[in-house]
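Next, two complexes with subunit A in common: one pairs it with subunit B, the other with subunit C.
And now, the complex of A and B:
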């Protein structure tokens, strides 16, 4: 029976492969159109002094060729490193806070309890809100005559009229709070999914053996959630590095440069300074740096996996 | 094992605090949308959550450009931006889901496509602003700036990774036996895909489409870069609701924000089951 079937399947397989190639065509074309070609273009433009108002078409950018001048400029561009530093600061504060809050929430939601479904749906709502709209919501909340000051006044008993978004440090904190509000649910969602995946009989067995809740969590649940945690942290860090919408709507990168993230810096260069070839260079620089981090990260994770298996 | 009562009280107290914090900003915007002009900006002493005089004036303002008590009228109404958001999000979703589904099936079944899976994934790694210069040059060259199709096309590409990876995990889960049975009956591969496999993942396909729609609808930065006037989407238009003349149009913006917030929240709740899978590119299946 199986011997008879085999040649039929191989013809089918060949047909399948041909069909498969056609089926991947749309996605491949999109990638070619938006990744491969633009990247070459970006590299080309980044090697010149070209700008959109030069009156020269971009393909004549070689007329103002300056090779790696733009890349050299990056290293002495204090504003660039400042924005990069602020972006990393946001990631370094916001992601761990979201992670811990999400983990705590996931622990609260791990067991069944009446009303869980409704509360769960409400908890997910912040991340469904359009980020730009969320930014506007927090812009309203943090006004000096806004509800946050009102609540703080009610709690402290004295009139609080902090001007949140006009103070460099407080503006940064406000942006962080907004981001934490929006994305803690993502951490919560992913971590809860990981927590539910822990086999129940193991927990029961541990309980019977006398392990208390803390031990059960620390020794059984946590080790099994390691992969989930890494996924949550990586995804959130990557997304947080791109932070733009919430921040830009709330503060526009200000006051001054206090909340200027790398994305806002690039936007300003693009539209205010119109230094497109320099922006192209910065973009490629970030691209290469992130790719290197990704490659190193994948390498370490694979090495750790092999170690664990051995 | 019965749990002591106080542990329940603690849990509910903490959950209620969390839920309250999650709701508070949305609640402020929702009530602001129904506040009349005089209640938009309040000094801290008479700040109130519920409007004293509920009004539909803010909605009237964004759709008609004027309402009583607001002296500065607005030329551009919210109708066109809402339409623009709808059209570009829908078309972008169509592009992403069609290309993603076809590609995902091919990669899942026939192991073709080479580095396509990683290729689409890396699209998500980089900040859009870092790679937008060539796109803006191309769009200007093609005459795609500020057009419905230009924005739709880029949305389709940007959300392709999600559509691709989601559908791939769904196709991976479809049992091969059913497809093989149809093949033995003499169906061609494409017929199998079209008539057997696709109907089986119908629900998953719909969820993927909704998920991708939410992402497209939520975009701000791409529309900011690639539209000027005609096809600005809701978030970009929202910024125009404040000017030196009118100041911040709190109520009007809140009304628009409420409209913008509704579709994703409703769709998001509808596809709750697949959210984890979608947001982790299928790495976690819950």
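And now, the complex of A and C:
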């Protein structure tokens, strides 16, 4: 890459820049305190054995400095890797399903049909519900005497009394269903916005050139939605990685550790084991890992965009 | 065989009737222009032929075959949009290939045909460019090439030249003629520019308010307008239309222009047509280039007028004449020697006059 030449600024532009700095200073300071300061504190604590029961203030953590001891521990922590693995499993199942469902719904809603507005509002409702409440709802639905078993009984004709949330595999599936229910609308909304942005006259032109619905989707709509799709996938992947409320209310991470996600594991470490410096280390570790995922995603997005613009 | 027949074609959008009971036969391999002002229903007609819009009533036949159940992507028509609708996420080559690819044409054949089209459209050095980098003129060529490459028997063009600069428009006009000559398509061309229609089309269909006003060769439409709308719409400057009364001045007909005076009729053809008039209220029409300007002493039919304005517009001079509440335009050669305020006689030569019914606007006694 060639180095960019520094642009020559006029007096007016220079003044504008200075004014801009003053105007944004409060916001920048605020950001410094709510982002930079905690981050530094976390990094500092993570380098020690410090815990809340030591009777020492956090800034004296250097007294029990262990450098990268906590980070080393992460690699031999089977519980951590188990939780991380389960979290990745949830992301790997839930995000693609939400994506495909969202895409299908967006295609449906890109056309006109009677009652579209009403369905549209209904479609978006799950997203508006507080996740903990949604979790409680699904907790009730999946009870062994709950409506889901009732419906299955009615369909199959035999009495179904599956204990959904007590079976390790079924509990996982239940949690995934709940998350898909709640977050497909977001996927749908983002993808619909992208789909509506495809110029209609190009679709008409493609039709008149002999393209059927499949051709139009593959060759016109999809290539134009690439950027939006990557945004939707990155947002949902990062969000889903942090899955907590819905899962915690439904299963509390159980039965056993069957649905324990990384967030639940961190919660246990923090409030049951009081391993605060270790939690700080895990937090930073995950931050870096997630950032890497996001960076890769954004890189592909920008590459796609550049290709589209070039 | 790809003639197009429109039978009782009607399209309604709610209360608005965009196209009203249109009957039109476009013969195979002919170039027909749909001409009319904005909102006259010409684009709607085009969309119905293409199958983007379904008619409310009536039917469309291609080569005698009813198109009602054939979807737009199976009609095999080429369509050039006013705004081109180029696929901006593709290269020029990909744009040209599109129609062939979705038809499942063989790869080597696609390559050959795209190359031919690029040669024809002079797009060779642009083939691998992104379309976002092209000029409007080049986009236009891609749009036409993209449709023509599939070699459709019917080619529809919706005001394709209206966004181009004047020089390129003239160039594209001849290119389109060449294209039609080469591929022998049936071409339907929507435009609001009467000069474009006259220079390109074998036949012109003049539309207004969703109704067909006249359908004929450029010559017919220009020289024998069926009504005042067509008379006024064709030609620039447009035809002078003067409301007047038919009077019986001593057994013979005369035209009474009210405060502008009266003119005798010596023209036999005009006399014949005047005799067929049902009402005394008529509209007298004359093309600006057909009127003679003479000194007042000469005693041939015409009215005494005064020069009110002179427009020298390059190739010719447009002289505005007025008398009483009437005013007319006369087109003369360039540098026509005339002075403002000159008192002259506007003379109506034989065989060039038009006469319309004042109420209906229809031409009287047209053969």
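Criterion: the second predicted complex is superposed on the first by the 272 of 310 C-alpha atoms of A that agree within 3 Å, B and C clash if a C-alpha of one lies under 4 Å from a C-alpha of the other, contacts with A are read in each partner's own complex, and residues count from 1 in each chain.
Basically, a contact is a pair of C-beta atoms (placed from the backbone, for glycine too) under 8 Å apart; a residue touches a chain by one contact, two chains touch by 3 or more.
As the structure is a computational prediction, the values presented were derived from the model and not from experiment.
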{"item": "Partner chain(s) touched by A:140 [first = subunit B, second = subunit C, both, neither]", "value": "first"}
{"item": "Which superposed partner A:207 touches (first subunit B, second subunit C, both, neither)", "value": "both"}
{"item": "First, second, both or neither for A:190, with subunit B first and subunit C second", "value": "first"}
{"item": "Larger contact residue set on subunit A - subunit B or subunit C", "value": "B"}
{"item": "Touching partner for A:21 - first (subunit B), second (subunit C), both, neither", "value": "first"}
{"item": "Partner chain in contact with A:244 - subunit B first, subunit C second, else both or neither", "value": "first"}
{"item": "First (subunit B), second (subunit C), both or neither touched by A:35", "value": "first"}
{"item": "Touched partner set for A:105, first subunit B, second subunit C, both or neither", "value": "first"}
{"item": "Partner chain(s) touched by A:58 [first = subunit B, second = subunit C, both, neither]", "value": "first"}
{"item": "Doubly contacted residues of subunit A, that is, touched by subunit B and again by subunit C", "value": "207"}
{"item": "Complex contacts: residues of subunit A adjacent to subunit B", "value": "12-13, 15-17, 19-28, 30-31, 33-35, 37-39, 41-42, 45, 52, 58, 105, 108-109, 113, 119-134, 136-138, 140-141, 143-147, 149-150, 153, 159-161, 181, 185-186, 189-190, 193-194, 196-197, 207, 228, 231-232, 235, 238, 241-242, 244-245, 248-249, 262-263, 266-267, 270, 276, 279-280, 282-284, 286-287, 290-291, 294"}
{"item": "In the complex, subunit B residues that touch subunit A", "value": "1, 8, 11-12, 14-15, 18-19, 21-26, 28-29, 32, 41-44, 47, 49, 95, 98-100, 102-103, 105-107, 109-113, 116, 119-120, 122-138, 141, 154, 156-157, 160, 164, 183, 188-190, 193, 214, 217-218, 220-221, 224-225, 234-235, 238-239, 250, 253-254, 257, 260-261, 264-265, 267-269, 272, 275-276, 279-280, 283-284, 286"}
{"item": "Subunit A-facing residues of subunit C, complex", "value": "50-52, 72-79, 81, 83, 85-90, 98-99, 101-103, 130, 132, 146-147, 150"}
{"item": "Partner subunit C, residues of subunit A touching it in the complex", "value": "199, 201-202, 204-212, 215, 219-220, 223-224, 308-310"}
